[in-house]
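A single structure is presented below for examination.
As written, the chains take the letters A, B, C and D, and residue 1 is the first residue of each chain.
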Amino acid sequence: MQLGMVGLGRMGANIVRRIAKDGHTAVVFDMNADAVKELEGEGAIGATSMEDFVAKLEKPRVAWVMIPAGITGRVIDQLAELLEPGDIIIDGGNSRYHEDIKRAKALKPKGIHYIDIGTSGGVFGLKRGFCLMIGGENEQVAHLDPILKSIAPGIGEVERTPGREGEPSTSEQGYLHCGPAGAGHFVKMVHNGIEYGAMAAYAEGMNILHKANIGSREAGEFSAEETPLEQPELYQYDIDLKEVTEVWRRGSVVASWLLDLTAAALYSDPTLDSYGGRVSDSGEGRWTIDAAIDEGVPVPVLAASLFQRFSSRGESLYADKVLSAMRKAFGGHHELPHK
Amino acid sequence: MQLGMVGLGRMGANIVRRIAKDGHTAVVFDMNADAVKELEGEGAIGATSMEDFVAKLEKPRVAWVMIPAGITGRVIDQLAELLEPGDIIIDGGNSRYHEDIKRAKALKPKGIHYIDIGTSGGVFGLKRGFCLMIGGENEQVAHLDPILKSIAPGIGEVERTPGREGEPSTSEQGYLHCGPAGAGHFVKMVHNGIEYGAMAAYAEGMNILHKANIGSREAGEFSAEETPLEQPELYQYDIDLKEVTEVWRRGSVVASWLLDLTAAALYSDPTLDSYGGRVSDSGEGRWTIDAAIDEGVPVPVLAASLFQRFSSRGESLYADKVLSAMRKAFGGHHELPHK
Amino acid sequence: MQLGMVGLGRMGANIVRRIAKDGHTAVVFDMNADAVKELEGEGAIGATSMEDFVAKLEKPRVAWVMIPAGITGRVIDQLAELLEPGDIIIDGGNSRYHEDIKRAKALKPKGIHYIDIGTSGGVFGLKRGFCLMIGGENEQVAHLDPILKSIAPGIGEVERTPGREGEPSTSEQGYLHCGPAGAGHFVKMVHNGIEYGAMAAYAEGMNILHKANIGSREAGEFSAEETPLEQPELYQYDIDLKEVTEVWRRGSVVASWLLDLTAAALYSDPTLDSYGGRVSDSGEGRWTIDAAIDEGVPVPVLAASLFQRFSSRGESLYADKVLSAMRKAFGGHHELPHK
Amino acid sequence: MQLGMVGLGRMGANIVRRIAKDGHTAVVFDMNADAVKELEGEGAIGATSMEDFVAKLEKPRVAWVMIPAGITGRVIDQLAELLEPGDIIIDGGNSRYHEDIKRAKALKPKGIHYIDIGTSGGVFGLKRGFCLMIGGENEQVAHLDPILKSIAPGIGEVERTPGREGEPSTSEQGYLHCGPAGAGHFVKMVHNGIEYGAMAAYAEGMNILHKANIGSREAGEFSAEETPLEQPELYQYDIDLKEVTEVWRRGSVVASWLLDLTAAALYSDPTLDSYGGRVSDSGEGRWTIDAAIDEGVPVPVLAASLFQRFSSRGESLYADKVLSAMRKAFGGHHELPHK
């Protein structure tokens, strides 16, 4: 089967490479001609313009767009001008599902089908396969099955869920048609919301372990802002975090892929000095909270993990100054700015 | 009536001054002889040592201890050696109520009575009166009534609660016998826990208003870490916070004394540049959460407000670095340390 | 000056009554003819239809719309058809500020001016005055000054903020022009967000006090789900919440209007048995979090207070069942449904 | 090597079974004679009393205590009376690490060594092995190595952390000497704190997916307490949660053992109707927050997950009633109790 790919960043290029392993072919396009050339060298058909890209695709065309969310809309509009009824546009990037709903509706009168695919896997996707969450019409999703199967991880060595028997479902192979337009990005959005929460759970726990020797500090080492410990004898541990994360990988309740990665990161940089800790958030974490609020669903953990990212970037400073100002006013404590 | 005061910091000294207005007398002691001298100049009887202090008190002696929580226990032990059955020790400082329970039990065999008083009012106490939350035995609390009434604000200009009639209760005069030993500091502890939560509510709201013009920033002014706005036209406001806090003081649901103080702070320093925003926490906020956890009571708001203070002092940094390390591992995004 | 009022619910009617005290006149309309009749009885000019309402207004007409947010848009459209260039529409309800921005823009070509006013004060507004947060063009807000001044609380008995001198600002009189279209509702939105957080701070603290006698329970009274107390002797207090809230009203840091109301509620129903505790949320609390997320501002306290309201209505049940299912799976603990 | 086991519940019995596979022997005791008999049937040496248990152990004796935390202290005291210098007591249960520090200190003068082992693995431990976090003196932990290795999962099929080479560390085999007395339970405590947070992250995400079709509800299906949706067309999805959790197991960032269990639970009961959702918390989650507060470490996510468990059991009800009472007071909205 043939797939067209617009956008040859790491994700787009690796998807092309994964399908090639199973004998599928690809027509590829990117504004960066070198990226096109590189994949041509690996067997793909390169295109020099969007027109050329469309011209080289077999009908019905399948055009997977894998570019930053900020410009996806524009590129899809451009594509839609060139495509014909029956063709399929896939947005495999990080669009908000609201956009999917709008785009599917806008493309329908033209007979162009729209599929949204949330893609998880990051830099490991080429090797592990990409977990695919798919939204769109039944017929088109079914049509894409051969390619989706190649991109997804497959059943692999993961133990089968008790009770599941017979032919593995697509979900067991790592891809799932979640519902109509937007459903793929909706499920991916919630996936990332969970990711934020789970990451924060580990990070907070690591921080407690990291400070477990605070009781060994001399009284003089405490700043005036800190409450001295009532029982310093309880905090005299020097915990080796790279070993703790390693031991939890086997047999413990918190074993996970995120933990595997954390153990690896701590093994190569036990102090984490090579990291800044100003943590970005992509849109999904934010949209997850917005969706929860619309639905009236309480998400204290997911929201706290998002807000901690904001705080890590200094965004609570003004609020903190308001607190300092209040404390000065009623208690006379003046928390001064740093010099 | 006569009151002994050990500890002539702002709070201790102002309590002595308040009772003097009503004709009560005081014996005062402090390690700082100047502080003693100053109050002697205002009519108090100064003492030169703990022994002298005890000797100058009329029996049954009433010794109010108003010193930092860290040394209160030692001073009370010292006092207890010098006092006689029937005497009363008051801890008016910020002890944890656990200590009160222990101390009352330890002093009982000696016939010495122990009273704990949580005191709110800060730097305004001399003028407004101090709100007093009292724990201890009925008889002794009753005995102290004349002095407590003088220290407390009195019914003042605060509107009477609908339904309350006749002789004002002590609670309407700003002091309350809350229960047995520790009850005063327990109620004061929760009071401060609420204070943290309410302060944070205002501070977070101020921060939202403060950034309400984020949509007017040029795209180039956003750091790579920030998600660009979907609808910048919604965030084009330059809100004058000193005026907003002022307008809320009259007729709004969020009118409060904390708001009064915030309005005053913003009026004198609209940018809050004179504040550092590294916010201290005294013990009470922490103990409140501990107590809630012991009781199995959910306190998401109070806890969040405490944790935000920790974060304001940089205590989330290690956790944030763990997040950076994870993001690097699965997504290839390297959040570097600042130079 | 003359004001037109569409919507004679409690808020609308009381605004008409407040301006009447200062000699202003009003033309009033409501779908409910009885409501119109009632205000006619108090001196207002009643209208029988929207057309009649517009016809009876002096030019430039000032039409204040005070109706549920869900139907405000429709009524404003209807009004706009009947009004003329130079006329003013005021939305004094609880619209989202997004709507204000759209409406002001839509009305501009017609020469109709749009003003949004966030109004706080609730059932006490008639007596205390309404705190007004105003968005719109300078000229029109200035034109409305006489009426706004009458509706607002005025400087009253609230102590003046230190440093403020001379003629009181409008903010000191309880009304404030916050900025262009939407600014009034934006500030009101944040006001309500703060309100949620502050309310939750008190409520959580009350809950801790309420359970302060948990240590006196017999072991047998604990359900299997509860962790027994390590030190039951620390939780033996029977705190009288109606007295505690009363004592905090004078001299304490947490004194506030919300506390006044809580003290009154507890005085009339100390057990709170007349309340259900399924707490509604209007849009403002939600929109505040949405805005904070758009701005990248951390609001852990405000969000936690919103989510607690969702939970109070049972909205966490499915999540809780997921937790039960996990616990059963790894630990063998089966938390069964209630019969 | 020989191990003594006091307490033959699921965990204790399965540990005995795991070491037997590697040729180690066990002396076993339990108040329940049937439990002893069962393990005798599998080759263990049964004891009829604590004295008999001690008598049958080879010196230096190794007595592993695996019983509920509430009675562990008493049993250890009893054992200590019977043991001799050089013997080793292991607490493999869920004691708070504070107790370990006290016990190790108390046993030291008697020459009895104390080891604390936090054990994760739950009902799957027999098959997967138990992840062991160990506190105590170097010499004794080294002495126990053969048994610890047998209980732990071993290196298994988990991929090796990049950079690790040569002989696998004990952490790679699933057991780790974390530090002196208490360190094992300290690390296990934080492990469980993380577990709570990660569980809540999944649960909240599931809840958002579960309610993703709220937009298809008729307006009339919303209760008065609910805010109607601004854009119901965005919430029209019927997400199949058992398939979503399955697809995430392969290639996604949130793949984890907890997710495996959730997928299995949803596969066997897609509606989760067999679960009640009143979620217990054992001590560890609470102690984790206490420790974080002592250390001044912000843990918004871990705390929120604990509080949500409290709320799931109805513990926020009084706070919610306070909110209802306030809302009634200022807004006139009366949220009534259920009939």
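Here, a residue touches a chain if its C-beta (ideal position, glycine included) is under 8 Å from a C-beta of that chain, and two chains touch if they have at least 3 such contacts.
Heads up on the chains, UniProt names are A, B, C, D = Decarboxylating 6-phosphogluconate dehydrogenase.
For clarity, every value in this text was computed on a predicted model and none was experimentally measured.
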Between B-D and B-C, the pair joined by more C-beta contacts: B-C
Angular offset of chain A relative to chain C [C-alpha, multiple of 5 degrees]: 180
Chain located farthest away, centre of chain C as origin (C-alpha): D
Length of the line joining the C-alpha centres of chain B and chain D, rounded to whole Å: 37
Separation of mean Cα positions, chain B and chain A [Å, integer]: 44
Rounded Å distance, chain B centre to chain C centre (Cα mean): 29
Residues of chain D whose C-beta touches two or more other chains: 122, 200, 202, 204, 207, 211, 226-227, 230, 253, 257-258, 264, 286, 294, 296-300, 304, 307-308, 311, 313, 315-316, 319, 330
Touch list for chain D against partner chain B, complex: 253, 286, 289-290, 293-294, 296-300, 303-304, 306-308, 310-311, 313, 315-316, 319, 330
Residues on chain A engaged by chain B in the complex (per definition of touch): 10, 70, 122-124, 199-200, 202-204, 206-207, 210-211, 223-228, 257-258, 261-262, 264-266, 269, 272-283, 286, 300, 304, 308-309, 311-313, 315-338
Chain D to chain A touching residues, read off their complex: 97-98, 101, 120-122, 125, 128-133, 152-159, 161-164, 169-176, 178-180, 182-183, 186-187, 190-198, 200-202, 204-205, 207-209, 211-212, 214, 226-227, 229-231, 233-240, 243-244, 246-260, 263-264, 267-268, 288, 291-292, 294-302, 304-305, 307-308
